[in-house]
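Below is one structure, written out as C-alpha coordinates; comments come after it.
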(Lines give C-alpha, C1' and ligand atoms only; values in the text may rest on other atoms or scores of the structure.)
Protein backbone atom coordinates (compact mmCIF):
# COMPACT_ATOMS: atom_id res chain seq x y z
CA UNK A 1 0.00 0.00 0.00
CA UNK A 2 1.01 3.62 -0.43
CA UNK A 3 1.39 6.26 2.26
CA UNK A 4 2.43 9.88 2.06
CA UNK A 5 5.06 11.40 4.33
CA UNK A 6 5.34 15.17 4.60
CA UNK A 7 8.41 16.91 5.97
CA UNK A 8 8.51 20.20 7.85
CA UNK A 9 11.12 22.40 9.50
CA UNK A 10 14.38 20.57 10.22
CA UNK A 11 13.12 17.36 8.56
CA UNK A 12 12.44 19.16 5.32
CA UNK A 13 15.89 20.75 5.36
CA UNK A 14 17.72 17.52 6.22
CA UNK A 15 15.82 15.43 3.68
CA UNK A 16 15.76 18.13 1.03
CA UNK A 17 12.13 17.70 0.05
CA UNK A 18 8.69 18.48 1.38
CA UNK A 19 7.02 15.12 0.86
CA UNK A 20 7.35 11.66 -0.56
CA UNK A 21 5.16 8.71 -1.37
CA UNK A 22 6.26 5.42 0.14
CA UNK A 23 5.11 1.90 -0.68
CA UNK A 24 4.99 -0.20 2.46
CA UNK A 25 3.73 -3.61 3.53
CA UNK A 26 0.32 -4.08 5.14
CA UNK A 27 0.38 -3.71 8.94
CA UNK A 28 3.42 -1.43 8.87
CA UNK A 29 3.48 0.74 11.99
CA UNK A 30 4.64 4.32 12.45
CA UNK A 31 7.63 3.07 14.43
CA UNK A 32 8.75 1.00 11.44
CA UNK A 33 8.80 4.09 9.23
CA UNK A 34 10.78 5.97 11.85
CA UNK A 35 13.40 3.20 11.83
CA UNK A 36 13.40 3.01 8.04
CA UNK A 37 14.02 6.73 7.59
CA UNK A 38 16.84 6.81 10.13
CA UNK A 39 18.43 3.76 8.53
CA UNK A 40 18.23 5.46 5.14
CA UNK A 41 19.55 8.77 6.50
CA UNK A 42 21.39 8.45 9.86
CA UNK A 43 21.64 12.23 10.21
CA UNK A 44 17.91 12.17 11.01
CA UNK A 45 18.43 10.23 14.22
CA UNK A 46 18.77 13.13 16.73
CA UNK A 47 15.74 15.04 15.45
CA UNK A 48 13.68 11.83 15.03
CA UNK A 49 14.30 11.00 18.69
CA UNK A 50 12.89 14.36 19.73
CA UNK A 51 9.87 14.15 17.43
CA UNK A 52 6.35 12.84 17.89
CA UNK A 53 4.02 11.50 15.20
CA UNK A 54 0.99 12.91 13.46
CA UNK A 55 -1.21 10.67 11.32
CA UNK A 56 -3.89 12.33 9.21
CA UNK A 57 -3.53 15.56 11.23
CA UNK A 58 -3.71 13.97 14.68
CA UNK A 59 -1.06 13.05 17.19
CA UNK A 60 -0.66 9.26 17.42
CA UNK A 61 1.61 6.85 19.31
CA UNK A 62 4.45 5.17 17.44
CA UNK A 63 2.72 1.79 17.61
CA UNK A 64 -0.13 2.96 15.38
CA UNK A 65 -0.68 0.80 12.30
CA UNK A 66 -0.70 2.55 8.92
CA UNK A 67 -3.36 2.29 6.24
CA UNK A 68 -3.58 3.05 2.53
CA UNK A 69 -3.29 6.79 1.75
CA UNK A 70 -2.38 7.77 5.29
CA UNK A 71 -0.54 11.07 5.70
CA UNK A 72 2.31 10.73 8.17
CA UNK A 73 4.28 13.64 9.63
CA UNK A 74 7.04 13.69 12.22
CA UNK A 75 6.62 16.69 14.52
CA UNK A 76 9.84 18.06 15.98
CA UNK A 77 9.51 20.12 19.17
CA UNK A 78 7.42 23.24 18.67
CA UNK A 79 7.19 26.21 20.97
CA UNK A 80 10.07 28.44 20.02
CA UNK A 81 10.06 31.40 22.37
CA UNK A 82 8.75 32.10 25.83
CA UNK B 1 -6.52 78.68 58.03
CA UNK B 2 -8.01 77.80 54.65
CA UNK B 3 -8.24 74.38 53.04
CA UNK B 4 -9.74 73.29 49.75
CA UNK B 5 -12.11 70.34 49.46
CA UNK B 6 -12.80 68.86 46.05
CA UNK B 7 -15.78 66.61 45.34
CA UNK B 8 -15.96 63.80 42.81
CA UNK B 9 -18.47 61.21 41.67
CA UNK B 10 -21.31 60.68 44.17
CA UNK B 11 -19.97 63.43 46.48
CA UNK B 12 -20.09 65.99 43.72
CA UNK B 13 -23.65 65.01 42.82
CA UNK B 14 -24.91 64.99 46.43
CA UNK B 15 -23.23 68.29 47.30
CA UNK B 16 -23.95 69.92 43.98
CA UNK B 17 -20.54 71.47 43.49
CA UNK B 18 -17.02 70.39 42.55
CA UNK B 19 -15.07 72.14 45.29
CA UNK B 20 -15.24 74.56 48.16
CA UNK B 21 -12.87 76.54 50.33
CA UNK B 22 -13.28 76.03 54.05
CA UNK B 23 -11.86 78.08 56.90
CA UNK B 24 -10.96 75.80 59.80
CA UNK B 25 -9.11 76.05 63.12
CA UNK B 26 -5.46 75.09 63.41
CA UNK B 27 -4.90 71.39 64.21
CA UNK B 28 -8.17 70.36 62.56
CA UNK B 29 -7.95 66.74 61.46
CA UNK B 30 -9.43 65.01 58.41
CA UNK B 31 -11.85 63.16 60.67
CA UNK B 32 -13.21 66.49 61.93
CA UNK B 33 -14.02 67.58 58.39
CA UNK B 34 -15.74 64.27 57.74
CA UNK B 35 -17.95 64.84 60.78
CA UNK B 36 -18.60 68.47 59.84
CA UNK B 37 -19.73 67.62 56.32
CA UNK B 38 -22.06 64.86 57.49
CA UNK B 39 -23.51 67.14 60.14
CA UNK B 40 -24.10 69.80 57.52
CA UNK B 41 -25.57 67.30 55.05
CA UNK B 42 -26.75 64.02 56.65
CA UNK B 43 -27.37 62.44 53.22
CA UNK B 44 -23.59 62.16 52.90
CA UNK B 45 -23.29 59.71 55.74
CA UNK B 46 -23.56 56.39 53.84
CA UNK B 47 -21.05 57.36 51.15
CA UNK B 48 -18.71 59.04 53.67
CA UNK B 49 -18.60 55.79 55.63
CA UNK B 50 -17.44 53.92 52.54
CA UNK B 51 -14.86 56.53 51.54
CA UNK B 52 -11.18 56.97 52.32
CA UNK B 53 -9.22 60.23 52.39
CA UNK B 54 -6.72 61.78 50.04
CA UNK B 55 -4.69 64.79 51.13
CA UNK B 56 -2.65 66.58 48.49
CA UNK B 57 -3.03 63.59 46.10
CA UNK B 58 -2.06 60.89 48.61
CA UNK B 59 -4.11 58.48 50.66
CA UNK B 60 -3.98 59.42 54.35
CA UNK B 61 -5.59 58.15 57.56
CA UNK B 62 -8.50 60.09 59.06
CA UNK B 63 -6.37 61.21 62.00
CA UNK B 64 -4.10 63.30 59.75
CA UNK B 65 -3.84 66.94 60.77
CA UNK B 66 -4.61 69.57 58.13
CA UNK B 67 -2.44 72.52 57.14
CA UNK B 68 -2.97 75.79 55.30
CA UNK B 69 -3.83 75.29 51.59
CA UNK B 70 -4.24 71.54 51.87
CA UNK B 71 -6.36 69.85 49.20
CA UNK B 72 -8.67 67.28 50.74
CA UNK B 73 -10.69 64.73 48.76
CA UNK B 74 -12.96 61.93 49.96
CA UNK B 75 -12.51 58.88 47.76
CA UNK B 76 -15.57 56.64 47.43
CA UNK B 77 -14.93 53.04 46.40
CA UNK B 78 -13.36 52.78 42.96
CA UNK B 79 -13.09 49.73 40.81
CA UNK B 80 -16.35 49.53 38.92
CA UNK B 81 -16.31 46.40 36.82
CA UNK B 82 -14.51 43.11 37.01
CA UNK C 1 11.71 54.33 28.50
CA UNK C 2 9.42 56.54 30.59
CA UNK C 3 6.05 54.88 31.05
CA UNK C 4 3.20 56.41 29.10
CA UNK C 5 0.24 57.64 31.15
CA UNK C 6 -2.78 59.14 29.44
CA UNK C 7 -5.96 60.50 30.99
CA UNK C 8 -8.18 61.89 28.30
CA UNK C 9 -11.74 62.59 27.18
CA UNK C 10 -10.85 61.48 23.64
CA UNK C 11 -11.21 57.90 22.28
CA UNK C 12 -8.23 55.75 23.19
CA UNK C 13 -5.86 54.77 20.39
CA UNK C 14 -4.79 51.15 20.81
CA UNK C 15 -2.35 51.12 17.91
CA UNK C 16 -0.57 54.27 19.04
CA UNK C 17 -0.16 52.81 22.54
CA UNK C 18 1.23 49.52 21.22
CA UNK C 19 3.57 51.37 18.87
CA UNK C 20 4.76 53.53 21.76
CA UNK C 21 5.93 50.52 23.80
CA UNK C 22 7.40 48.58 20.88
CA UNK C 23 11.14 48.05 20.82
CA UNK C 24 13.49 45.54 19.10
CA UNK C 25 14.06 43.69 22.40
CA UNK C 26 10.32 43.07 22.89
CA UNK C 27 9.09 39.50 22.36
CA UNK C 28 5.63 39.58 23.89
CA UNK C 29 2.99 42.26 24.17
CA UNK C 30 -0.11 41.92 26.33
CA UNK C 31 -2.90 44.43 25.89
CA UNK C 32 -5.83 44.72 28.25
CA UNK C 33 -8.77 46.75 27.09
CA UNK C 34 -11.80 47.49 29.26
CA UNK C 35 -14.89 48.02 27.18
CA UNK C 36 -18.34 49.41 28.00
CA UNK C 37 -20.80 46.51 28.23
CA UNK C 38 -24.48 46.76 27.43
CA UNK C 39 -25.49 45.08 30.67
CA UNK C 40 -24.41 44.89 34.31
CA UNK C 41 -26.04 43.33 37.34
CA UNK C 42 -29.16 42.63 35.34
CA UNK C 43 -29.55 46.18 34.06
CA UNK C 44 -29.58 47.41 30.49
CA UNK C 45 -26.80 49.96 30.36
CA UNK C 46 -27.33 52.94 28.05
CA UNK C 47 -23.93 54.56 28.54
CA UNK C 48 -21.27 55.20 31.20
CA UNK C 49 -19.92 58.36 32.71
CA UNK C 50 -16.38 58.26 34.14
CA UNK C 51 -15.21 60.80 36.68
CA UNK C 52 -11.54 61.16 37.56
CA UNK C 53 -9.50 63.01 40.18
CA UNK C 54 -6.95 63.71 37.52
CA UNK C 55 -3.85 64.93 39.37
CA UNK C 56 -4.03 62.14 41.91
CA UNK C 57 -4.94 59.46 39.34
CA UNK C 58 -1.86 60.36 37.34
CA UNK C 59 0.39 60.07 40.40
CA UNK C 60 -1.26 56.86 41.53
CA UNK C 61 -0.88 55.25 38.10
CA UNK C 62 2.79 56.27 38.05
CA UNK C 63 3.19 54.62 41.46
CA UNK C 64 1.67 51.29 40.44
CA UNK C 65 3.64 51.24 37.19
CA UNK C 66 6.80 51.79 39.22
CA UNK C 67 5.86 48.87 41.49
CA UNK C 68 5.24 46.66 38.46
CA UNK C 69 8.48 47.74 36.81
CA UNK C 70 10.49 46.74 39.83
CA UNK C 71 8.65 43.48 40.37
CA UNK C 72 8.87 42.24 36.76
CA UNK C 73 11.81 44.29 35.44
CA UNK C 74 9.47 45.98 33.00
CA UNK C 75 10.70 48.58 30.58
CA UNK C 76 7.79 49.20 28.25
CA UNK C 77 4.41 50.12 29.73
CA UNK C 78 1.51 52.32 28.69
CA UNK C 79 -1.67 53.02 30.67
CA UNK C 80 -4.48 55.08 29.20
CA UNK C 81 -7.86 55.82 30.79
CA UNK C 82 -10.68 57.74 29.24
CA UNK C 83 -13.21 59.78 31.18
CA UNK C 84 -16.44 61.62 30.43
CA UNK C 85 -19.29 59.89 28.62
CA UNK C 86 -18.58 56.53 26.96
CA UNK C 87 -20.90 54.56 24.72
CA UNK C 88 -21.40 50.79 24.57
CA UNK C 89 -18.38 49.12 22.94
CA UNK C 90 -15.99 52.00 23.58
CA UNK C 91 -12.75 51.40 25.48
CA UNK C 92 -12.52 52.97 28.93
CA UNK C 93 -9.00 51.76 29.70
CA UNK C 94 -6.10 50.29 27.73
CA UNK C 95 -2.99 48.85 29.37
CA UNK C 96 -0.08 47.67 27.24
CA UNK C 97 2.90 45.79 28.63
CA UNK C 98 5.75 44.70 26.36
CA UNK C 99 8.49 42.40 27.65
CA UNK C 100 11.19 40.11 26.26
CA UNK C 101 9.19 37.03 27.42
CA UNK C 102 5.45 36.65 27.64
CA UNK C 103 4.97 35.43 31.23
CA UNK C 104 6.02 38.79 32.69
CA UNK C 105 3.78 40.68 30.28
CA UNK C 106 0.70 38.68 31.32
CA UNK C 107 1.40 38.95 35.03
CA UNK C 108 2.28 42.63 35.00
CA UNK C 109 -0.70 43.58 32.83
CA UNK C 110 -3.10 41.75 35.14
CA UNK C 111 -1.49 43.35 38.19
CA UNK C 112 -1.77 46.80 36.65
CA UNK C 113 -5.45 46.59 35.79
CA UNK C 114 -6.41 44.97 39.12
CA UNK C 115 -4.43 47.54 41.12
CA UNK C 116 -5.64 50.42 38.97
CA UNK C 117 -9.26 49.41 39.58
CA UNK C 118 -8.78 49.23 43.35
CA UNK C 119 -6.48 52.20 44.02
CA UNK C 120 -6.78 54.84 41.30
CA UNK C 121 -9.43 57.55 41.89
CA UNK C 122 -11.57 56.98 38.82
CA UNK C 123 -15.29 56.35 39.20
CA UNK C 124 -17.89 54.94 36.89
CA UNK C 125 -21.56 55.86 36.75
CA UNK C 126 -23.84 53.45 34.96
CA UNK C 127 -26.72 55.09 33.23
CA UNK C 128 -29.22 52.30 32.68
CA UNK C 129 -32.73 52.23 31.27
CA UNK C 130 -34.12 52.19 34.83
CA UNK C 131 -31.90 54.75 36.57
CA UNK C 132 -28.30 55.62 37.24
CA UNK C 133 -25.76 54.63 39.87
CA UNK C 134 -22.11 55.13 40.79
CA UNK C 135 -20.63 51.65 40.69
CA UNK C 136 -18.63 50.44 43.66
CA UNK C 137 -16.15 47.59 43.92
CA UNK D 1 -19.75 33.19 17.33
CA UNK D 2 -17.44 30.84 15.45
CA UNK D 3 -13.84 31.34 16.58
CA UNK D 4 -11.60 33.06 14.06
CA UNK D 5 -8.51 31.11 13.00
CA UNK D 6 -6.03 32.63 10.56
CA UNK D 7 -2.83 31.14 9.19
CA UNK D 8 -1.31 33.52 6.72
CA UNK D 9 1.89 34.79 5.11
CA UNK D 10 0.55 38.36 5.28
CA UNK D 11 1.13 40.81 8.16
CA UNK D 12 -1.35 40.27 10.99
CA UNK D 13 -4.03 42.90 11.50
CA UNK D 14 -4.54 43.52 15.22
CA UNK D 15 -7.43 45.93 14.81
CA UNK D 16 -9.36 43.66 12.50
CA UNK D 17 -8.98 40.78 14.96
CA UNK D 18 -10.15 42.88 17.92
CA UNK D 19 -13.06 44.21 15.88
CA UNK D 20 -14.00 40.66 14.92
CA UNK D 21 -14.43 39.55 18.53
CA UNK D 22 -16.11 42.72 19.76
CA UNK D 23 -19.71 42.48 20.88
CA UNK D 24 -22.00 44.57 23.15
CA UNK D 25 -21.74 41.98 25.94
CA UNK D 26 -17.94 42.19 26.04
CA UNK D 27 -16.38 43.99 29.01
CA UNK D 28 -12.76 42.94 28.80
CA UNK D 29 -10.45 42.17 25.90
CA UNK D 30 -7.01 40.64 26.32
CA UNK D 31 -4.67 40.61 23.35
CA UNK D 32 -1.43 38.67 23.26
CA UNK D 33 0.98 39.47 20.50
CA UNK D 34 4.22 37.59 19.90
CA UNK D 35 6.81 39.79 18.25
CA UNK D 36 10.14 38.99 16.58
CA UNK D 37 12.95 39.99 18.96
CA UNK D 38 16.38 41.14 17.84
CA UNK D 39 18.14 38.74 20.20
CA UNK D 40 17.72 35.23 21.60
CA UNK D 41 20.05 33.07 23.68
CA UNK D 42 22.86 35.57 23.23
CA UNK D 43 22.56 35.71 19.45
CA UNK D 44 21.82 38.68 17.25
CA UNK D 45 18.75 37.64 15.29
CA UNK D 46 18.49 38.94 11.72
CA UNK D 47 15.05 37.54 10.93
CA UNK D 48 12.83 34.52 11.57
CA UNK D 49 11.38 31.92 9.29
CA UNK D 50 8.17 30.18 10.41
CA UNK D 51 7.13 26.84 8.98
CA UNK D 52 3.65 25.44 9.53
CA UNK D 53 1.87 22.14 8.92
CA UNK D 54 -1.15 24.10 7.93
CA UNK D 55 -4.03 21.59 7.85
CA UNK D 56 -3.06 20.11 11.20
CA UNK D 57 -2.26 23.48 12.79
CA UNK D 58 -5.73 24.70 11.89
CA UNK D 59 -7.37 21.62 13.46
CA UNK D 60 -5.16 21.80 16.52
CA UNK D 61 -5.91 25.48 17.09
CA UNK D 62 -9.63 24.74 16.75
CA UNK D 63 -9.23 22.01 19.37
CA UNK D 64 -7.50 24.19 21.93
CA UNK D 65 -9.98 27.02 21.38
CA UNK D 66 -12.79 24.54 22.00
CA UNK D 67 -11.11 23.44 25.25
CA UNK D 68 -10.74 27.07 26.35
CA UNK D 69 -14.32 27.88 25.40
CA UNK D 70 -15.64 25.10 27.57
CA UNK D 71 -13.34 25.85 30.48
CA UNK D 72 -14.00 29.61 30.62
CA UNK D 73 -17.37 29.82 28.80
CA UNK D 74 -15.73 31.89 26.10
CA UNK D 75 -17.66 33.18 23.16
CA UNK D 76 -15.32 35.55 21.39
CA UNK D 77 -11.88 34.30 20.38
CA UNK D 78 -9.50 34.94 17.51
CA UNK D 79 -6.14 33.25 16.87
CA UNK D 80 -3.90 34.35 14.02
CA UNK D 81 -0.43 33.04 13.21
CA UNK D 82 1.83 34.25 10.46
CA UNK D 83 4.37 32.08 8.66
CA UNK D 84 7.17 32.59 6.17
CA UNK D 85 9.86 35.20 6.75
CA UNK D 86 9.31 37.74 9.55
CA UNK D 87 11.44 40.77 10.33
CA UNK D 88 12.36 42.17 13.76
CA UNK D 89 9.36 43.85 15.37
CA UNK D 90 6.77 42.04 13.26
CA UNK D 91 4.00 40.05 14.96
CA UNK D 92 4.15 36.27 14.53
CA UNK D 93 1.01 35.50 16.52
CA UNK D 94 -1.98 37.44 17.82
CA UNK D 95 -4.54 35.96 20.18
CA UNK D 96 -7.60 37.96 21.18
CA UNK D 97 -10.04 36.88 23.87
CA UNK D 98 -13.07 38.99 24.73
CA UNK D 99 -15.25 38.16 27.74
CA UNK D 100 -17.84 39.85 29.97
CA UNK D 101 -15.29 39.98 32.85
CA UNK D 102 -11.53 40.36 32.63
CA UNK D 103 -10.31 37.42 34.74
CA UNK D 104 -11.50 34.88 32.18
CA UNK D 105 -9.96 36.82 29.31
CA UNK D 106 -6.52 36.86 30.96
CA UNK D 107 -6.60 33.21 31.92
CA UNK D 108 -7.93 31.96 28.59
CA UNK D 109 -5.51 34.08 26.55
CA UNK D 110 -2.55 32.79 28.53
CA UNK D 111 -3.79 29.23 28.20
CA UNK D 112 -4.22 29.61 24.45
CA UNK D 113 -0.74 30.95 23.76
CA UNK D 114 0.97 28.45 26.09
CA UNK D 115 -0.95 25.52 24.60
CA UNK D 116 -0.50 26.77 21.06
CA UNK D 117 3.26 26.96 21.56
CA UNK D 118 3.46 23.43 22.90
CA UNK D 119 0.97 21.57 20.71
CA UNK D 120 0.45 23.32 17.38
CA UNK D 121 2.79 22.24 14.55
CA UNK D 122 4.43 25.57 13.82
CA UNK D 123 8.20 25.87 13.87
CA UNK D 124 10.53 28.82 14.08
CA UNK D 125 13.98 29.11 12.53
CA UNK D 126 16.20 31.85 13.88
CA UNK D 127 18.52 33.32 11.30
CA UNK D 128 21.22 35.03 13.34
CA UNK D 129 24.41 36.82 12.37
CA UNK D 130 26.36 33.65 13.22
CA UNK D 131 24.20 30.93 11.71
CA UNK D 132 20.67 29.57 11.73
CA UNK D 133 18.78 27.11 13.87
CA UNK D 134 15.29 25.62 14.33
CA UNK D 135 14.27 26.66 17.83
CA UNK D 136 12.98 23.99 20.17
CA UNK D 137 10.95 24.33 23.35
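When the chains are written out, they are named A, B, C and D in that same order, and each has its own residue count from 1.
Here is the rule we go by: contacts are C-beta pairs under 8 Å (C-beta built on N, C-alpha and C of every residue); 3 or more make two chains touch, one makes a residue touch a chain.
Keep in mind that what you see is a predicted model, and the values were worked out from it rather than measured.
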**Message:** Spelling it out: a chain qualifies if it touches subunit B and also touches subunit D; which chains qualify?
**Reply:** C
**Item:** Greatest separation from subunit C - chain, by CA centre
**Value:** A
**Item:** Chain centre separation in whole Å, for subunit D relative to subunit C (CA means)
**Value:** 23
**Request:** Let me have the rounded angstrom distance from the C-alpha centre of subunit A over to the C-alpha centre of subunit B, please.
**Result:** 72
**Fill in**
Touching at least 2 other chains, the residues of subunit A are 81
**Prompt:** Got the subunit C residues that touch at least 2 other chains?
**Reply:** 27, 34, 102
**Asked** What residues of subunit C sit close enough to touch subunit B in their complex?
**Response** 34, 40, 51-53, 55-56, 59-60, 117-126, 134-137
**Complete:** Residue positions on subunit D within touch of subunit C in the complex are 14-15, 18, 22, 24-39, 88-89, 98, 100, 102, 105-106, 109-110, 113
**Request:** Could you please specify the touching residues of subunit B with respect to subunit C in the complex?
**Result:** 6, 8-10, 12-13, 50, 54, 57-58, 73, 75-81
